[in-house]
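What follows is a set of notes on a single structure, which appears directly below.
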Amino acid sequence: MALDSWSLVAIFEIVVVITTFPLLVFGWVMSAKGRNPIRDAPFESGQTRLGEARLRYMMQYYPYLIMFVALDVVAMFLFTWGLVFASLPVAQDYLFLVFLIVLVVPLGYALYLSGRRESW
Amino acid sequence: MQGLPAIQDIVNLAAKIITSRTFLEIVVFPGFLNVFVGAALLTWLERKVIARVQLRIGPLYAGMWGILQPIADGIKLLFKEMIFPELADAKLLMVCALGLMMIAAAPVVAIPFGDGLVIANMDVGLIYVFAAISLFPTLILLIGWGSNSKYSFIGGLRSLFQQVAYEIPMWLSVLGIVMLTGTLNLTDIVRAQEKLWFVVPQILGFVVFFAAVLAELERIPFDLPEAESELVMGWMTELTGAAFMVGFLAMYTKLYVMSALITALFLGGWSGPSILPQPVWFLLKTFLVATVIVIIRGAFPRVRVDILLRTGWTRLLILAFANVFVTAMLIWLGFGWFWRV
Amino acid sequence: MPDIAFLALSGLVIASAVFALEARELIYGAVGLGLSLIGIAGLFILLGAEYLAMFQIAVYVGAVVVLILFTIMLVERERGRIVEEEEPVRLGRAGIYVAGLVALAVAAAVILLAPVSPEAPEFYRAPLQELGRSMASSYSVALVILGLLIGATVVGGLTLVKIEQKEKTSGTAQ
Amino acid sequence: MEPLSSYIILSSALLGVGIYGLVSKRNAIRLLISVELIVNAANINFVAFARYSNPPILTGWNVVFYSIAAAAMEATVGLALILVAFRLNGTIDVRKLNRLRG
């Protein structure tokens, strides 16, 4: 039975689900169903709830998120380069160096902006 | 008309499947039971070690040295009531808890616990592990949003930014290993360390990877998403009962898997003197790494969130790139053959 | 086995794509998009492009969907929930007609005009080394241009979103 | 192994879903989601054609690499635009963003 490795991944995930899901269902079935405004209040250190929960936002970290999307792509491309690094002519390594150097200024700009709280 | 297959046949088939190597690998040893028991043991280990660090005794009564404490905790949590806040999205929370467990356990498929003792020996193993780990922020953000509580939401956002900030250094710190071995297959990477563990030539990468793993695991000194004194339990605040149990177990599964990943990538995996079989060496190293991570929790203070993010995006990133550069130098100077597979 | 996998994955892709567009809450829409993208990654695996599938999951589901979720949460912030006005039925119907026509036309054209023979080699995996080598040689110019694109995106996105000092508004602090 | 046409039908269906979203939806984020779906339909075709040529050629995979990267960048800028539009107008309903119409 030569199963492809990805089928094994799928089977493993199925095993995880069929062992974990019953726990959740069990907890759901066993718990009381009555609703009670005090019990159902979100946790706020024992205080009554103050206002909407989805209000405040840490917008000053938005540049980090954009940097993440950019560097995610870059890292994946660098892995293809790392795979063949040892057998690659040096001239083609410079190419990836150029690829990185192009990115230095934008990422520096993003870091600079993320440090300035008043911009966000 | 063939008639219904006899019960004997079904039993035989079931016995054949259950005793087949693939099934045993998936369900018992490198697979699910290993992860489950490992994670449960780690919860006990953490309580015991932290207690020792703080000159307490820790769990004591359930079994020898309280080693059955995880089972007691599990049963207790299972029978607790599941309370979801009034505006929370209970179904989303449960599905996300399940998803957390799936993602946390997924990397085990590719990690070799012995020579050939791996569920799926895939060529893209390393990237597969990283891809699985990169799904965490999404689910945690969804949990933080879905529970509609301020603590959960702030914890989820912090977790998002932190994991996102440390993911890139984590990936790039491993790039050196990929350059040295020229493969993404974790079994081959471990085989390449027969002569010298990667922790020596890749010491910079190891430091970056370890710090990034600490941050990915949301552990002290980077445990801002669930800083107990400010955010109660972070994004897990509104998970209760069984959902909390699954989420909690997922985090310890992640700890176990990441320790195993550090072992496989930097500490030589299963290699060791042949007094003990290979999987035992692997498990010993894994639990050693996990213990170090736990002791760090007992010994360090917490950093501030903006410092944390800035450190991740500047120092660690630069260190990771420096590591890549050093490795490139190593290969250009002609030492690369040493670790080729 | 591959047939079942293909059917299941294509079902997942299409169903979650529809769910992404039709879900009542925008958050669920983003989740549906993520599921659809994971299904497409599964299709890539079926086609032998494993590295590509991992790239898809890491970049799309790990980064882009997170960004979409973040934006949705930011946009929904002030009113709790976005009140999406009902689209006119006329528009929805027109959409279905247009989409059906285009999809049919494209499928027919591609299948009729496809220059390749549908006979595929039985077993094939993308050779990872080859991928890196071609990335460094044949696609070198594209790589540098991609670097420029990424840089431009970072600068452009940040410049768009950041608040100028003069017109700083009160609602967006913190 | 399924025939190539099944992949083409699948990607056409995905393209159809994307176009349906583009035509009938009013929320800017849903439009972005539609665009992502369309890009992915194209990607499926690229990979399928690369796989089904005999012998398989890598060009399809390389193109999809760049395509995914470009789509990620496009989503980043698109979301930034949506944020700006929301900040200026308080809505992301594309039918109400008609300030430029004059």
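Worth a mention:
Read from first to last, the chains carry the letters A, B, C and D; within each, the first residue is number 1.
Basically, a contact is a pair of C-beta atoms (placed from the backbone, for glycine too) under 8 Å apart; a residue touches a chain by one contact, two chains touch by 3 or more.
Predicted model, so just to flag it, every value in this text is computed and none were measured.
Judged by contacting C-beta pairs, the busier of the interfaces A-C and A-D is A-C.
Averaging Cα coordinates per chain and for the whole protein, the chain whose average falls nearest the overall one is A. One finds 16 Å separating the Cα centroids of chain A and chain C. Distance from the chain A centre to the chain D centre is 21 Å, each centre being the mean of its Cα atoms. The centroid of the Cα atoms in chain C and the matching centroid in chain D are 6 Å apart. Note on chain placement: the centre of chain B and the centre of chain C lie 28 Å apart, centres being C-alpha means. Looking at chain C, one finds that residues 50-51, 55, 58-59, 62-64, 66-67, 70, 73-74, 128-129, 131, 135, 146, 150, 153, 157-158, 161, 172 touch two or more other chains. Residue positions of chain B with contacts to 2 or more other chains are 122, 127, 134, 145, 164, 167, 182, 184. Residues of chain A in contact with two or more other chains: 6, 54-58, 65-70, 72-73, 76-77, 82-84, 87, 100.
Per the touch definition, chain A reaches chain B in the complex via residues 1, 3, 5-6, 8-9, 11-13, 15-17, 19-21, 23-24, 26-28, 30-32, 37, 39-45, 53-58, 61, 64-65, 67-68, 71-72, 75-76, 78-79, 82-87, 90, 93, 100, 111, 114-115. The residues of chain B lying in touch with chain C in their complex are 122-124, 127-128, 130-131, 134-135, 137-138, 141-142, 145, 160, 164, 167, 182, 184. Residues of chain A touching chain D in their complex: 66, 69-70, 72-73, 77. On the side of chain A, the complex with chain C involves touching residues 4, 6-7, 10, 52, 54-60, 62-63, 65-70, 72-74, 76-77, 80-84, 87-88, 92, 95-96, 98-100, 102-103, 105-107, 109-110, 113, 118-120. Interface of chain D with chain A (complex): residues 65, 68-69, 72-73, 75-76, 80.
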